[in-house]
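Heads up, the next two complexes both have subunit A, just with different partners, subunit B and then subunit C.
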Partner chain A sequence: MAVAETIAEPAAQAGSDLLRQRVRAAWIFLAPMLIVLALVAGWPLLRSIYFSFTNASLTNLEARQWIGFENYLSWITLKSGKTVYDGLLVDPLWWKSVWNTVRFTIVSVTLETIFGMMVALVLNADFRGRGIVRAAILVPWAIPTIVSAKMWAWMLNDQFGIINDILLNLGLISQKIAWTANPDTAMLAVLIVDIWKTTPFMALLILAGLQMIPGDIYEAAKIDGVNPVKVFWKVTLPLVRPALMVAIIFRMLDALRIFDLIYVLTANNAQTKTMSVFARENLFDFDKFAYGSAASTMLFLILTVITILYIIIGKVNFEGGR
Partner chain B sequence: MKLRSALMAFGAAVVMTGTAHAANLSIVSGDTGNGLAVLREKLDIYEKTSGNKVTIVPMPSSTTDQFGQYKLWLAAGNSDIDVYQTDVIWAPQLAEQLVDLTEATKDVIGQHFPSIVQSQTVNGKLVAMPLFTDAPALYYRKDLLEKYGKTAPKTWAELAATAKEIQDKERAAGAKDLWGFVWQGNAYEGLTCNALEWVMSYGGGQIVEPDGEISINNPQAVAAIEEAKSWVNTISPPGVLAYQEEEARGVWQTGNAVFMRNWPYAYSLGEGADSAIKGKFDVAPLPAGTGDKARSAATLGGWNLAVSKYSKNQKEAIDLVKFLTSKEMQKKQAIEASNLPTIIDLYDDAEIAKAVPIIPRWKDVFLNAVPRPSAPTKVKYNEVSSNFWTAVHNSLAGSGTTADNLELLEAQLTKLKGNGW
Partner chain C sequence: MAGLLLRGIKKTYGTVKVLHGIDLDIKSGEFIVFVGPSGCGKSTLLRLIAGLEDITAGTLQIDGEVVNQLAPSKRGIAMVFQSYALYPHMTVYDNMAFGMKLAKGHSQDEIDKRVRQAADVLQITPYLDRLPKQLSGGQRQRVAIGRAIVRDPKVFLFDEPLSNLDAALRVQTRIEINKLHESMPGVTMIYVTHDQVEAMTLADRIVVLNAGRVEQVGAPMELYHNPDNLFVARFLGSPSMNTIPCVIESGGSDPRVKPDGCASIPVKATIPASAAGTKGTFGVRPEDLEITTGDFSIFRGTVDIVEQLGEVTLIYVDVGTTEPVVAKIANDIPVAKGDKVALTTELRHLHVFDEKGIAYPRT
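Now for the complex of A and B:
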């Protein structure tokens, strides 16, 4: 008994020493990244949140005062007893831009997922020149957004644009459409460009998931004579689901904070104004730096809440596997 | 011996001041058309005479885009930019971060139009030096108007009728892409300029009056915007609601428009060798509306040069500003870019009159031009303008009625005004 104890004790100690050493090493290796993250992401975020509780103006940032939640919500009771509310939370323009963003996100991510899946399935198949096709399909994703947005702005131009020219020549439309000017088509134009640009990204992430599926499952299904549609729903989709869920969350976060594409295509159009465009406009164009900071903070909160809900509801597992 | 050492000392002093003064300057400009090319030519002359190097930092031509960027740079105390080309409406909003030029320009400021100098003076501080002024014109196709026996329209109704007739007949004759009238309908500062002209030409006030009163919600303003709305998709392409200056000029200069509302810069470009309408067009004052106080109204535009408070070479930068706004350089700019000078004497200059005949004719238009309400609304001007152009853009695009939109606009502006601008 005593002997056993004397043997076991140093062993346990050695194990915990090793563990402690490993934990320490892990922290040392992580430290540079954590410090950089804190500097480039944490600090600006905290500053924005802080500014949203002040009355800061960009002309003179130093003269700011703490005003609490007034940028978010404030109210005055008039002599007649009526209460008038003010602030971001009751600003119809803000809620309109939230709605624009959410609508854009739902439509664009859904379509990008469907198209991305189709492209990935094609690319997963064996055919000659697959490498070249895979590279080619990434081109839209590789072009900087500003450049592709400007390029599309000219293509969608109502008078000189090639899109109208093609549609006219094919007889699909009878007169030129003002894509980015018309309130009915402005969002459509933005969606077309966004889907064109980010479908390759979805395809790539889904493709990576597809290639993890072992080939013998398909062989087994083939031997059993299961039809291909059933194979897709019963084998491919469940197995690729973890990768798909992660791809969707990346795209969703990206779509919720969309700025550049909309800013170039339909600059100040109220029909397509998103949360980020709203925040920028208040931060820099108007003399309302604090109000813009409040909008940025709300954008951050909305993003966080949606992400958490998605992870819980979608049971996303970031560790891989199911 | 004494003479020799004196000479050597003098030589050394020349070399030293030479090196001390050779500064690298940056000027930021978002000029339209050939503006940047002309600026480069002027800077080349300056570099030869001064020994300083000047780099142009080009910007997008939308004044709204430029403002956001400049405001950000100035707020961050950016010392990379020495000289800013500023819009006439920015002076009150950027005044704190720009150098006072009063002292340095005492000798020349008297040559410029006092009203422009006034617009760039904030609390007794001259924040920017006038570079050129701007007042838009109605460009029209001489050849087409003659062909159908028309004259330049005096009212908007006349313009709409003429445009429609020519457009319909020319299209029937095969010019399928021809439109009657192009202007700037995108939701940006340019739409504020266009719409202010309509409202003012109907006697509907200038959005916010000089005394700070909000006047936009009135029947004449509604009538003016309704008139403009009736153009969209009849005499103006539906895409006009996304046009800025250059898109409108694109349609015009390829020969696909009968009328265009644009700034004087489009004149020399239209007369350029590669222009489809060279020698086929002329300009007239913008048409008037209807009603008691109807008149022809042009929005006062114009650009100025300002020196950043954060510039490390302020002295050289001020020199550069004085050089670029001098009589010779304004003359060069008038001839090559058809920009209206701010120096009064240049309107009587024979060479300018010969090269750009519209400039002497433009003196009266510009003297009667309407300023945007940037002076009474001070730092809130951008938001006032944004609310205004959004209301107008919504009305033109058919989201909500014009009367409702202007009523809402009045409420927004009242809230924005609070206890005072």
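Now for the complex of A and C:
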């Protein structure tokens, strides 16, 4: 007992020393990333939030003045007693692009999740050449968005596009359709390309989740005589849910910020203009730098709110435990 | 009442042959243990019976019905997996009720009654609302067994169910499985293990498998006393039987052998006279050997290693052969490294095997 007591104290001391050392080491390892993040993400973010409260213009950034919330909402009361509102929050074009973005996100993420799940289930099965198929399925995702957008733009081209050609030859359409320019089909075109491009990514994330499920419980289910469809709903889906929720949130954040695909495929189409496209237009094309900054800031806020809501409602568990 | 009949069961994976034609009759209500070294095919054989793998050739009958093409759930079996295979997201109750709930044709009351009955037998009633991750290994294994009981199977399959438990729990669960077997007299149990103690204590009959073939089938003590061949002789018993190359000196009415490095010894075995002069193997179990000061001895040598296990002492005696001879002696006999000892046994304990390792029957 006496011996144990005499060693106990220095041991505790050494323990806390060790802990301090570890904490220090952790900070040293984290520091480079924190600094880079602060420089490339934190600083620009704070800058655009700041600009959104000024009247900065791209031609003369230095002459900016602080104008408070005027970019977001301002009003003047006319002599007639009528109040006229102005600013981002009452801009129908802005709300149209918010709605476009949300609509795009809901449809694309839903379909990508369903298709991704189907692909993942197939890839999770044991078959010859699975490795090659797994690699091949990633190709659409590996192609840079600009390249795939251009590629699809040609395929969807109203005059020379192969898609119109095929549909015409099959007799499914009677005349060529301007997929990306037509207000009725522009969003559809964007969705098709995005789903084609991102389903593999979704499939890969879901596949990783599927492979965490121990195989023997499927054998137990087999012996229990549970039919495969029920096994999917009662066993696979609940168990892959944590991974699925994380995959969905990744995709959702991506979809809410969508810019490049739409910029290349259907630039200037009001039906597909998203929040990012709206912000860029104001920032650079319309020389309303401050107004664009306000849109960027709103985009950031909307994204944050949706993400937080999703995490709370979906009870997302980032720990990866069950 | 479900007997199993295995006829020429073969299993190949691609070009790899895992089972080379297994013939086996398992009586209804029997407790059969498949035992063998890893890779001998015992788990594969169990999975074939369960229907988790396809049988390459041969027929499997349960209850007189060929079930080769029958789905696992239609074979009247239940299986307990080594890793428990519980559904991690369901409570203990749901784990046990899951199969019945989805099978249809069972009322809510019936399911509830069966689950609670099984839980009662296995003393897991207090945990019915918990998730598997909130249970210890031993409790999880009980739930897995409970899930199998709820299925009310004709044949119970166990795939190394105790190997993930610690030693004390393993003994306890082993005893419980034994009780379970007694409480379900009509249910056939097939149990796979690599642990010979589990095999000896649980089995009505043991099936010793090696490299995809059945080496011997029989009651535990029969296999222990009368192994058919060298493999079975060495596999059962701990430490393994001492086996020493020998020459058969004579057969017929006065069988004698001469183990390498020892004097000629009379043996009690039926050895044909024609075998005289052939080579063979001489075997004696460590627990049958004792230290003697008398004139007659089988081995003489120097004690190389002394291992005191508490209840017994193992001594490794260098008798001039490549492997030392092991003897299991009482713990109160003073022996030290370097002592010269003589070891003897009663002649009825000796085993003799022919050149191919097949035992000469003992008399």
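Convention: the second predicted complex is superposed on the first by the 308 of 322 C-alpha atoms of A that agree within 3 Å, B and C clash if a C-alpha of one lies under 4 Å from a C-alpha of the other, contacts with A are read in each partner's own complex, and residues count from 1 in each chain.
In this text, contacts are C-beta pairs under 8 Å (C-beta built on N, C-alpha and C of every residue); 3 or more make two chains touch, one makes a residue touch a chain.
None of the values given here were measured: they were computed from a predicted structure.
**Student:** Following the overlay on subunit A, give me a clash-or-fit verdict for subunit B and subunit C.
**Tutor:** Because the two structures are overlaid on the shared chain, the partners are seen to fit without clashing.
**Student:** Is A:Lys288 contacted by the first partner subunit B, the second partner subunit C, both or neither?
**Tutor:** first
**Student:** A:Arg280 in the overlay: touching subunit B, subunit C, both, or neither? Say first, second, both or neither.
**Tutor:** It touches subunit B, and subunit C stays clear.
**Student:** With the two structures laid over each other on chain A, which partner does A:Ile223 touch: subunit B (first), subunit C (second), both, or neither?
**Tutor:** A:Ile223: touches subunit C, not subunit B.
**Student:** Of subunit B and subunit C, which one contacts the greater number of residues in subunit A?
**Tutor:** For subunit A, the partner with the higher number of touched residues is B.
**Student:** Taking CA centres, what is the subunit B/subunit A/subunit C angle in steps of 10 degrees?
**Tutor:** 140
**Student:** First (subunit B), second (subunit C), both or neither: which does A:Ile106 touch?
**Tutor:** Touch partners of A:Ile106: none, neither subunit B nor subunit C.
**Student:** Which value in Å is the smallest Cα separation between subunit B and subunit C when the structures are fitted on chain A?
**Tutor:** 52
**Student:** For subunit A, what residues appear in both contact lists, the one with subunit B and the one with subunit C?
**Tutor:** none
**Student:** Can you name the residues of subunit C that touch subunit A in the complex?
**Tutor:** Counting only subunit C, the residues touching subunit A are 50-52, 71-74, 77-79, 81, 83, 85-89, 98-99, 102-103, 133, 147, 151.
**Student:** Would you tell me which residues of subunit A are touching subunit C in their complex?
**Tutor:** Within the complex, subunit A touches subunit C at residues 214, 216-217, 219-227, 230, 234-235, 238-239, 322.
**Student:** Which of the residues in subunit B end up touching subunit A in this complex?
**Tutor:** Against subunit A, subunit B makes touches at 62, 64-65, 67-69, 71-72, 75, 93, 96-97, 177, 185-188, 237-243, 247, 250-251, 256, 379-380, 382-383, 386, 389-390, 393-394, 397-399, 415.
**Student:** Quick one: in the complex, what on subunit A touches subunit B?
**Tutor:** 57-61, 86, 157-160, 176-183, 266-271, 280-281, 284-288
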